[in-house]
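Just so it is clear, A, B, C, D and E label the chains in written order, and each chain counts residues from 1 on its own.
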Amino acid sequence: MAELTLNAVGKTYSGGVKAVSGVDIQISDGEFIVLVGPSGCGKSTLLRMVAGLETVTDGEIHIGSRLVNQLDPAERDIAMVFQNYALYPHMTVRDNMAYGLKNRRTPKAEIETRVAEAARMLELGQYLDRKPRALSGGQRQRVAMGRAIVRQPAAFLFDEPLSNLDAKLRVSMRMEIRKLQQRLGTTSLYVTHDQLEAMTLADRLVVLNGGRVEQIGAPLEVYRKPASTFVAAFIGSPAMSLLDATVEGGRLMLEGHVLAEVDHKAGPVTLGLRAEDLRLVARGGVPMRVEYIEELGAHRVVHGMVGDQSLAVVDQGAEAPGDLIHIAADPARLHLFDAATGQRIDVRSRVGEFAR
Amino acid sequence: ATDITWWHGMGGRNGEVINEISQKFNASQDQCKLTPISKGTYEEALSSGIAAFRSGEQPNILQVFDAGAATIIAAKGATIPAEDLIKGAGEKFNREDFIAGVRNFYADSDGKFIGMPFNSSAPIMYLNTEAFEKAGVEPPKTWEDFEKIAPKLKEAGYLPMTASQLTWMMVENFKSRNNQQFATNNNGYDGIKGTELVANDANQVMMFEKLKEWADQGLYGFYGAGWADNLKPFEEGKAAMWIGSSGSFGGLQKSAKFPFGAVFMPYWGSIEGAGTQSFIGGAALFAMAGKPKAENDCTAKFFTFLTAPETQVYWHENTGYVPVTEAAYELAKSQGYYDEKPVAEVGIQQLMLPGGEWTKGYRMGFYPQIRSVMEREFNRIFSGEVSVKDAFDTIESEGNALLARFAKTAG
Amino acid sequence: MQKIKPFDHLILILGTLFLCVPVLMALMSSTHTAVDIHSNGLFITPGSNGYATYEKVLTHRGGFTGDVTGLLMLKNSLIMGFGFAIGKIVLSMMAAYALVYFRFRFATVLFWMIFATLLLPLEVRIMPSYQVMSQLHLLNSYTGLIVPLLASATGTFFFRQFFKSVPDELLEAARIDGAGPWKFFIDVLVPLSKTMMAAIFIIMFIYGWNQYLWPLLMTTDESFYTLMRGIKSILQVWVGSQIPDYNEAFALAVLAMVPPVAVVVIFQRMFIKGLTESDK
Amino acid sequence: MTDTPLSAQGPTAPSFLHRLRDWWSGETANPVKRVQFGHGLTPWLFVLPQLAVVVIFFYWPSAQAVTSSFYIEDPFGFGSTFVGMENYADALGSKEYLSTAWFTAFFCVVVTALALGIGLLLAVKADKVIRGAESYKTLLISVYAIAPPVAGLIGMMFFDMHMGPFTRLFAFFGHELRVGVDYWDTTIALITISVWKQIPYNFIFFLSGLQSVPVSVREAALIDARSGWRRFKDVTLPLLAPTAFFLLIINITYTMFDTFPIIDVIVKDKPANNPMTLVYKVYLDGFKGNDIGGSSAQSVILMVVVAALTVLQFRFLERRVHYG
Amino acid sequence: MAELTLNAVGKTYSGGVKAVSGVDIQISDGEFIVLVGPSGCGKSTLLRMVAGLETVTDGEIHIGSRLVNQLDPAERDIAMVFQNYALYPHMTVRDNMAYGLKNRRTPKAEIETRVAEAARMLELGQYLDRKPRALSGGQRQRVAMGRAIVRQPAAFLFDEPLSNLDAKLRVSMRMEIRKLQQRLGTTSLYVTHDQLEAMTLADRLVVLNGGRVEQIGAPLEVYRKPASTFVAAFIGSPAMSLLDATVEGGRLMLEGHVLAEVDHKAGPVTLGLRAEDLRLVARGGVPMRVEYIEELGAHRVVHGMVGDQSLAVVDQGAEAPGDLIHIAADPARLHLFDAATGQRIDVRSRVGEFAR
């Protein structure tokens, strides 16, 4: 167990591709950090640099107090869980788990205890003598976890460990991972591009975009105060609707409707609205033409157009496509972003419910 | 005991007889122990011997077939002349003990034995007795006779003649039986440089023109270069005559279901001085150089043992190859072997016919390749692709090119 | 669901006949006498000489020493087959491993150097090869019989393709688990390659089993005779004046087919699967 | 879409130092594996055995063959004359050599085409049937185990001029088959036997190739096309291309090199004017004719031709091959 | 476009496995039917029988008025989208789409128009000359769709077409599929094991279990009135909590608390509660010990124990693990199932808010 420090870490692949640049992250002992971001943003590269599977071309990585840039993966005292498990297909579950320990010359008795303990924890006891091919996806996933736990490493690294599982299994496995990590208290770095997974697992989220850190923060903080339109659109489901709005004389205007009073200079801004922050009002509000509706059982997501910009609203009502409805939101729940840079604008005061 | 090895190119029953003879030799004395080793075919044995010699791994004795003789004899340092070897070991040796036809083939131009004649054969003409009875004709002595009787045999429903291995029969032994020059430089005996083939001469061309004519008339069947393909019609009783090896006797006894006899291979009455002996076929044994004296003495001892009448007769009767010494021939005769099997005597008698200027043999390098050229051209002659004259011009020019190449190998 | 038409079976039956009838005829002919075969050609029906022939072939003490029996030849053929197949697998797996799993200068050059050996078979460079062997004092030894045949790229090529298809993550997991190059090779790669090894094994076993010219040149000791050499020495007299013991040659050939066919039948499933896996 | 392509930043050119380091460690832009073991001695230890065998038993003798090709040499090694390119000139200038070369090319094309074609046909059918599939497979593969000289012998007997079944078959259709005498008749025999011997090999590989074509793609084709032939031509065949490419190279190598025992048997040791391949000629002139210089030159020519062919195939054909 | 009728359809594999039995489904022209069910329940088998890729061992399948049991797949006038796309890897996008038409001897010009139209619809225009390998997962998916729509078949068959995509892409693709199907009006049969996908796409859901139809109905109907515990647990996320309860003298009891009055005979029953139907009450209600919490941004799912049975509640509050909270629900939202058979019990009347 240890701290993990990334200091201005960067990676340029030999072809010249700059996959990661200037990443600074300070991870305290026992913390669960989730790296999120769209495909190709450098999550795996970063993780693999920590693991020692890729050379670090810029910056420094410390595990505990050791500078590990030059160390072999095996010397870094980390364990990794791969997206496709990467179990050794010819070894039994037991041997898969024991292999790393054997290579470290752990005494036999000790290996047995640790494997038994991990198997108990992961409820794999009855499968110890099976080969991976005779296991279901979820069970394989747990073996991969087991292989990591028995090692009792300084840090766990996970690269999209759940993305090969079906939706139902994914939900139950992510709970198990969380519980396990809390029990063991091992520093963890977890990569995913599923934002729901990111939200539920992380102590802190690191949102990556194009090889750079876009925002670091607790999940709810990131959810409530996205630092940029990129983060805003990436975190939350359905995605936050982003609309073009303007500030005119301290008033925030959307398609000709005044939404709120804001303390910001005049000009175009990007307005972010989460579907669950909006509600229907009988009269007033901003008019929206209903386009189509997703019935999710527990609630429905109404998609529609305000002017020619699209917007989603969560609702329990009974609108049908084609209806004209009126929506409103608490001004405290509006998000404003710089129209040019996409950076969050924290306005000092907002007044009134939008569109009286 | 001193160990010596003998690489040979014989398989099947012949290979077994070689083992038996070797065992007899080993049993006959206790200083020397001979081990014979089969190295595949004649060609494979020669190539193995060459490869081994170049690496210093050569056997004491190497069997080399007639066509390969020039190759090994030209390589002066590769062998110890058999005669020197035997004399050096203090054993008796007399050239005159050998029958006339085998005396010169593996000897140098002075008549000194380089190789030790061993399994010798002669090309002879086998006859289907029934066919001759049916057609009411006598076996031919000359090709002129053949031309007379062939149509009658044909009328009697037979293919008058087939022949295996035309290179051996109709070129090499045509030269020998008709006392014709085969190469310049005394048939190649006098030196490698400048030796040229004499192939497109009038008589040789005439022989093949006749063959072609007979083939067109249905008097002669040509079945390509394969030995057995030409033999088969005779075995099946369809052909009345077949020119083959004296050594084929053993096989024919099993495969031919009719009485058959044999006569000398015909010659041309029209050619003056024809009717001489034939060249020997088969192979000889060469003592490889580079071996210690003790081993060489054993080799000499074995050569002497080989030429002993009892050994020769045993070999002769078991394989069909002819005995190489007069004494052996006499022994076989006295045992009544030929009364029992007159056909077995034809080959040796043919080898004992009087010789002529050109009957002692020929010495040409790369000769196996020259044979390949001939075989190719013969096929073309009989398929009508080329005229006989053109074919022999090609044979001569390509053959001479090969001989010239060979001359360069001497350095 | 693809409908199988009788036509498909017809083609397969014709193909099987085309391929197998000659083999069947070899088997049947081996039960006739040599003279019968010589006079009548191949037989499709069994003859009455089978027992005698096979007994002779198996127990006849041939050769100068009388040690050359069918069983001795069988033993040597097996040594050739196994030695070659195993040697080939070991060498080519190791080489392919280095080419695929290591970052090192000249890997491409080395691959092409090895691949180029497909271009010139042993038969064509047989004389110089013999000299090399003699300079190395390897004549008349199983080493000399087997090792030079290993200088060919097929196996390396096969394994290279296969290793390329092994998921990258396995190596990564193993490295994190502390496995070095040797441990990864022995603990992970070799066990994973089992089916591939079976496939290569059959192909190479048959190749080694069927060698003729090289053993002929390389050995002078009767105790190295192989079945193939036995067959050839029976057949070689056909170019001359004798009747070869066709029946014995066919009998030896039939015997010579038994071990490879047994290997094929036993490993067939693995064989096909093994070859397939490289394509993933 | 969530893709944020990094190309927006544009790949920066690697520094000279980077490139130097990469060159030194053998790092290339397209490594075979994402992660590889470092350099050092270990990889050499692994290639060393194979490399040693290849160098000692391939390159060393081959180098000797190249050297010999510039000499005319006494087989026993007593004398040799340096003749420069004369051996090459002799070979390439000879009509026989050129006609052998043409035959080799023709033979290669026909045998490869037939062996691949029939092997493929049988594999496709065997892949399709379920009932009896195992027996077909076993039977077809077993033929692979038959010894080459015996294969040759069987072939020779089938084509025997006097009693061969094929000779009778052809006679029935009014053609007198004279294998060993007639050039083209011999060609027919050579092709038939060579194809026969090679079919099982191709069958094995095609069958495994077929089994690796994704089932769902085949099913998609089943929905898209009614005609089995079209499905085969448009979908299965292109997907088999990698296998076919591999087999193409192996089959060409086979017809060029490994058919020589068959030729040897069919021409009964005496080629006469029958067709033969370049390798058989090398063997004939070198091993049987003891002309070391000439045959070395021929084998060098052969090596160059095959190498050129291989490169051509890799350059022009492999590009069309679709890999997974 | 056509109706699709499955009549007592069953499938026994040659090994003897009975994968599907007695399935009756009547699909009207233009309807979008989704088959859901757990892995191995026979969804693919059923779909493949309709496609003609598996023989039908029992019953009859009609497309339009034609009995198709014996027809070749190519003769059935259906198009299928496979889970792994099954694109022809050696053909360009254009050729992939055109292939089925070419084989039907559609005139060249017609083919071009249709491919262009589909490409426009699916925004594939710029990729027409690429091979599949040069496309991202989502793009490949669209090509597979394109291949189906250019054919204008009587019916579309989809076998888990989205399961290889990441979560975000899956959401956007499922909307596109729905829109497309509505525009084209082609009868569709869609297999998935993702219940969210099932809910949002289907006109009617068919829930399969062990090769048999468990329930057929509109998504909300299935969601609101699951016919069995199987359906109840399968449809809805988080899954409906199922608890052991008893009816005693007309009162529904859970762990000793009275929940409601029901008109049902006394005995054990299975009680189903959806997380979003529950709410927290300050006092009263059923006490629940909080175990752990999933923060989903928009809301949080609180998992806890009632007695020794686990239960999930959707909430916006601020509880922490270990807290004791009290929950209540509208009796109209309770689901009761037969404890033995798992079949839904429709009780005639329920009185009162649970646990006053």
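Assume a residue touches a chain if its C-beta (ideal position, glycine included) is under 8 Å from a C-beta of that chain, and two chains touch if they have at least 3 such contacts.
Quick caveat, the model's predicted, so the values are computed rather than measured.
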| item | value |
| --- | --- |
| Chain whose mean Cα position lies farthest from chain E | B |
| Chain pair with the most C-beta contacts | C-D |
| Whole-Å gap between the CA centroids of chain A and chain C | 56 |
| Interchain centroid distance [CA atoms averaged], chain B/chain E, Å | 92 |
| Rounded Å distance between chain A and chain D, as computed from the means of their C-alpha atoms | 54 |
| Residues of chain E engaged with two or more neighbouring chains | 52-53, 72-73, 136, 166, 168 |
| Chain C: positions in contact with at least two other chains | 1, 127, 131, 172, 175, 232, 235, 238-239 |
| Residues of chain D whose C-beta touches two or more other chains | 2-3, 27, 34-35, 160, 163, 222, 268-270, 287, 324 |
| Parts of chain A lying in touch with chain C, wherever the complex brings them together | 51-53, 72-74, 78-80, 82-91, 99-100, 103-104, 147 |
| Touching residues on chain D, where the partner in the complex is chain B | 72-81, 83, 90, 96, 160-163, 178, 180-182, 267-274, 284-285, 287-291, 294 |
| Chain A-touching residues of chain C, taken from the complex the two chains share | 167, 169-170, 172-179, 183, 187-188, 191-192, 194 |
| Complex interface listing, chain D residues touching chain C | 23-27, 31-39, 42-47, 49-51, 53-54, 56-62, 64-65, 68, 118, 121-122, 125-126, 128-132, 134, 136-151, 153-155, 157-158, 160, 163-165, 196, 199-200, 204-205, 207-209, 211-212, 222, 228, 242-243, 249, 253, 257-258, 260-261, 268-270, 279, 282-283, 286-287, 292, 299, 302-303, 306-307, 310, 324 |
| Of all residues in chain C, those that touch chain B in their complex | 35, 38-39, 62-64, 127, 130-131, 134-135, 139, 216-217, 220-222, 232-245 |
